[in-house]
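Heads up: the structure comes next, in structure tokens.
Labels run A, B, C, D, E, F, G, H and I following the written order; every chain starts at residue 1.
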Amino acid sequence: MFWNLPLVAVVALVIIALAIIVFKKNLIKVFLGIVILESAVNLFLITLGYREGGIAPIYTNAPPASMVLPTPQALTLTSIVIGVATSALLLSFAIIIWKKYGSIDIDRIRRLKE
Amino acid sequence: MIPFLLTFLLALLLYLLLTAGSGNLLLWSPQELVAGVVLSLLAAAVAKNFLCRSHNFRMANPLRLILIPLYLLGPFLLEVTLANLDVAYRVITGKIRPGIIRVQSGLKTDLGIFMLANSITLTPGTITVDIDEESHDLYVHNINVPAGWEAETGVIDRELFSLADIPAWIRRIAE
Amino acid sequence: MRRGLVIVIFVVLAAGLSTIPAFFTFGEPAESGMDRYFIEHGQAQAAANNIVTSVVFDYRGFDTLGESVILFTAVIGVGLMFRSMRGGEEHEDE
Amino acid sequence: MIEPWYAAVFVLVILVCLALARLFLGPTAADRAVAVDTVNTLSVAVLILLGVAYQQIIFIDVAIVYAVLSFVSTLYIAKYLGGEL
Amino acid sequence: MIPAFIVENSPALMVIVPLVAAFLSPFIGRISSMVRSIWVGGAMAVTSTIALILALDVYSAGTRLYVFGASAASAAVPPDSGGIPIRIIFEIDQMSALMLVITAISGFAIILYSLSSERSHTGLESFYTLYLLMITGILGMVSTGDIFNFFVFLEILSLASAGLIAYRVDGGVAVEAALKYFVLSTIGALAILVAIGIYYGQYNALNMAMIAARMQFSVLDQVALVLIIAALAMKCGAVPMHFWTPDAYSMAPSSITALLVVASQASLYGLFRTVFTLYNVTLNAATVGWLIIILGVLSMVVGVTMAIPQKNVKRLMAYHAVSQTGYMLLGVGVGLAVLGNQSLLDAFGYMAMEGGIFHIINHAMYKGLLFLTAGAIFLRVGTYNLNRMGGLGHSMKWTMVFFVIGALAIAGIPPFNGFASKLMIYESVFVFNPLLAVIAMVVSILTLASFVKVFHSIFMGPALPEYSGVREAPMPMLVGMGILAVVVILFGLFPGIVVESLITPAAHALVDQGAYIGAVLGGA
Amino acid sequence: MSKIVRTGANLLYPFILIFGLYVIMHGHLTPGGGFQGGAVVATAVALVIVAYSFEEVTAMIKKVGMKARESIGLLLFIGAGIAALAIGAPFFSNFLANSGLLFGQVVPSGPNPGDLNTAGVIPIMNLAVGIEVWGGLAVILLYMLSGITKEGS
Amino acid sequence: MMEMAIHSLVIAGLIASALMVFYFRDLLAATLAAGFFSFLISVEFYILQAPDVAISQAAIGAGLTTAIFIIAIRATARYEGEHP
Amino acid sequence: MDATSTLLTGAGYWNPLAWLLGLLAAIIIAWLIYSMGEKGYKPGTAQAEPFISGNKEPEKGMVHVRAGNLYWGYLEALRGYYDRLVPLHSGNLHDYILWYLGITALFLVLVVIIS
Amino acid sequence: MIADILVLACLSIGILFNTLGIVGLLRFPDVYTRMHATTKMTTFGSMFTALAVIIFGGAQFISTGDSQYVTLSTHTIIAALALAFTNAVGSHAIARGAHRSGLKPAPAVVDRLEEWAP
């Protein structure tokens, strides 16, 4: 009925993100692709833990019902932090490369070869 | 010391508002009160130089603080509603006559000009675009400049508002 | 040539990844032994109402330590990038 | 008393998708910033309404965080546009 | 002799000590450089000691478990959970212990070296912080028994490595190398995360033993296997994905390059752990085994042929690192290809795996030694370009001796350790497929040839006038190199002991999936 | 930025701060926790950074202080684990839960509104992570800004 | 039913904004689209009953990641390739 | 398991004692050759200077064979191979990522289809 | 019952204003006029939806006496206040940034700021 729509979306997002990473020549664009890739993987993890009609795994005064699985949420939290750390380090690399090379075009960042 | 206390009290107020309903006794449970005091002290220690940057303690007067909600619920809400109806009318019909005009305000304090600017932004078809830092004159983008204003170099602030005298309220609160 | 290869790679990757929606069903986890344990015992063992927090900080607390360390690493790394160099550091020659 | 919340959320989500059009079309970066700012506002409304619809009171916290934090990113964009960063 | 408390909690202490030292070192480094050196050196010494104690304990008493946050450190499965391990478990078997030994020895030797080699640079407190974090990452990666935890440590390792590769910011080239390394490793890590998600979604488990016990090798598992193998093979520098290796290895400071070798061994360990422990006989052993063998052969050939025309000494050595990784992949791949067949495994499979695993430890030692000598030469001469060097044998005698030891070891000349492992690989691979053994021997000869070239152009010849003021490398660097050289010689002279006491248990632990699962789940 | 934004940032700063601390402190009862609350608090710092020019910011917010915060948070976090080690339990064991001491109140099972004084070491760890993230994210922003100004001059 | 429609719309928005990141040549616009993406994925987490993750994503993706990307764009160049 | 245990690999044989003896023999031979050297050699005198048939002595740097000149013939013989291999290391990040993705795709095809 | 009607009324007002705001965003000619539509109307609309929730929470609290509805109302109030506050400042900042980046109000009868030119 729902055709696994979120999972299909995950696959589509991964492919789009990989396309951004591979086809775009600007470093910042590539990093945006990596951010999207990370988000897609996070979405995949969360989707795995979702249960139809479940509520958030927090005990409150709300009427009791079956809860969604908590572990993927914990994993995703870790993954998000890793994502922000990664993008911070990558962006600082990009800034330094701009300073030293005068360009952040991937085709020009190739002093190291052979 | 006074900035510290003021920040502490305001932070505690917000914390209590956030945790309202946590206990049956007076809406707050004792642990929450203790935690609130501790955290507010922490926040105040960090932020004491920010809330009262200009070392102007006029706002420490509780009467002025009580005036703020009155102002928000009274004239401000009225003006906001009118402004929204006005803009809705312009959205539907598309009749606009935009322009940036200069508004003269006699307000001296930072808080006063801040409140005036935000009130102007949220209310009568106007958005504060820039501010002259010395004379506290506002440059306001008006979606429908009334006829004749484009020639004036400076418009007095209360002419922007149709019904309530918002600048007077702000003066009462902040100065 | 190269473009064709890239497209082939993308098609194969898409096909490989689309096994995920083909074999998982959204909304019905296939197996939930570990998570049932968390939901049933988490409130009593970790004494926290938020099961996610009890998973993050109690059952998988070591991961959280690793996560914090990653943030720390990133900060140190960024600081290393923007450090102020005193005079001439050595230069690699090509 | 559940259905109206969902209906409202539905309309708001459609509005968000319309704002996406302005993000796509907007000739200048400022237009796009305005679109994103609008979406922030709408998202807060969506989050509040969904929280009520799910009968999960604690979800409202997310909306507050959202309201405060999107503001900061808006300010960064504005500061960049103004050339002051 | 050793307090029971330390032995009991050594898996945790092994991670705690470098972490605490790393957290404090940005501030302790501000006091004075002397205090900083003592602090980081002491922390590394303590870490190495704890890791060695743990490894000793594992070799004498069998697999160790450490359950974080449980009521008792060995209570892997709570009684009321129905046989499901729910917490993060460190599971250290003999293979992990071998990696711990490698990390402990190299880490200690390299930090001694770096105390004097990096003295004149800025940002040293950050350097040492990242160094300690990298050690933590390696130690955690090789000892964890939880697959998500493995991912977390992998990320710690790659962030710290990327920061350190870019340490010499001013030229900009180092940052380029770090960028390439880090982008690739981020994408690889995300692929691993997808694979973890697939395991979780199918089996609702994150513990490796639990996943292994439930493994069915469905289509999804095949996809996950491919994602993990490709990512980890990329991270250890197998050939069609090795392109980051020469860049990163040649641009990092020499001490870090030596540690990066160990880091890529940790990725290799992850690869073997995935293939042997998570899947074992369920996977299509011939296919995956041959894939790994082909990767290994390609790495050997392409690595060594690319190394010969190089003019930058560290780049040359980096290509050799790629080539030597091929030997390990080849050896273990042969073991994997005959995994299901017990008689073949006994005939030559174990021998091939032992050769591959022995090569891991040997390679870490001699390649670390070679990179350290390269760093010492750079410190005195100021260039890596082979065309500009010559006649250094007159002034840097000890460095020359160490270089010769390393070069002979990597080329597989008898009295050194490289020969022992290569001999084991040749013998067993010859039984499996003679062509592969021949290729391996040819590669070994080419290796020798290229190191003859390096030796000739750096040390031989008359003393050049522009290097007349060159002196011997400072003492701590010589000590650091000396430790590794002694290990190289000892392993070369007494390979029987090493193989019997260290390598054979590791190879059997790698193959024996049932014991790994049984240690966690009980029974099996 | 203009005076209006600066005044707004000044006004908002303590409130975002206390809200972030609220999110940190209620991590075991409501969604949120150390990381999220720390990010909120760091956003308050980011707000100040964006409202003032870089020179004013460097006078107001010190990098060393933020780094110290980060290290202190991490040490507190790992210290909570080591404390468990010291009393004989494995590393990271939640030794305060259900003990009746600080944060040691027993939780009734099933739906209940929750009580602040529960969850053992979890609130302490939350606080530690919050402090760490506060310092960490703020210092990343400061470093990257310093990268800009060097390039501009 | 209504939930499903909301869910589908959010997913459509996600994919559309990801495509926009691909399309824009102005990096500032691309960053804005990525910010939009972050908002939407946060809403998606919220719909999937993961408020912890939603807060996290809102704070990091919408707030700080956008901020550091804009700082990086300021420190490098605004347009991809040559200036239009 | 004593220190002199022999590593047997099926066909090979490695005894450290044997190797130590070999090393010892090598050292003795080297010492013998060294001791058979010219007794009348005195460093510092004219006999230590190079004599190249009366030609002028070239500078020291010129005598040394540089690394780039070694193995010229080998590289020349394998020119076709190197001309294909070296351009693969293009220094372009996109190529590297594509290699990684391509290998992943190849493995996917191989593993999933064969199994 | 009366609460239900109030809630529905507030919701529909909020939705109406939000819709008009988006229409204005799509329809108006330049940045500043678009900003008029979005800033005022979406803020106002979102405030009204928040008001609906507040009324709902209050009504539930009165009828059930459950203190969690107080939490609902207070948190919603805080969210709404934060929204109003941040939106005003944020749109001012965008307007200022747009003007400083050289974007003129396209169909303008007068532009005093251009003459001042700081």
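In the analysis below, a contact is a pair of C-beta atoms (placed from the backbone, for glycine too) under 8 Å apart; a residue touches a chain by one contact, two chains touch by 3 or more.
These numbers come from a predicted model, not from an experiment.
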Item to check | Touch-network distance, chain D to chain F, counted in steps | outcome: 1
Checklist entry - Which chain has its C-alpha centroid at the greatest distance from the C-alpha centroid of chain D? => result H
Next on the checklist: Between F-G and C-F, which chain pair is linked by the larger number of C-beta contacts?
Outcome noted: C-F
Item to check | Rounded Å distance between chain D and chain I, as computed from the means of their C-alpha atoms | outcome: 10
Checklist entry - So what's the Cα centroid distance for chain E and chain I, whole Å? => result 57
Checklist outcome for this item: Whole-Å distance, C-alpha centre of chain A to that of chain B, is 39
Checklist entry - Once you find the CA centre of chain B and the CA centre of chain E, what distance in Å lies between them? => result 61
Next on the checklist: Residues touching two or more other chains, restricted to chain E: which are they?
Outcome noted: 19, 23, 26, 68-69, 148, 152, 155, 159, 162-163, 166, 169, 171, 173, 175, 179-180, 183, 187, 194, 201, 204, 206, 219, 223, 226, 246-247, 251
Checklist entry - Which residues does chain F have that touch at least 2 chains other than itself? => result 1-2, 4-5, 8, 12, 19, 23, 29-33, 35-36, 39-40, 43, 46, 50, 67, 74, 78, 81, 91-92, 94, 112-114, 137, 140, 143-144, 147-148, 150-151
Item to check | Per-residue overlap in chain I, given as positions that touch at least 2 other chains | outcome: 21, 35, 39, 43, 67-69, 71, 75, 78, 85-87, 89, 91-93, 96
Checklist outcome for this item: Residue set of chain C touching chain E in the complex reads 16-17, 19-20, 23-24, 29-35, 37-38, 41, 58-63, 65-67, 69-70, 72-74, 76-77, 79-81, 83-86, 89-94
Checklist outcome for this item: Per the touch rule, the chain A residues reaching chain C in their complex are 2-8, 10-11, 14-15, 18-19, 22, 44, 47-52, 57-60, 67, 69-71, 73-75, 77-78, 81-82, 84-86, 88-89, 92-93, 95-96, 111
Next on the checklist: Give the list of chain I residues in touch with chain A in this complex.
Outcome noted: 66, 68
Checklist entry - For the complex, which residues does chain F have touching chain I? => result 1-2, 4-5, 8, 12, 113
Checklist entry - Of all residues in chain F, which touch chain G in the complex? => result 23, 31-33, 35-36, 39-40, 42-43, 46, 50, 137, 140-141, 144-145, 147-148, 151
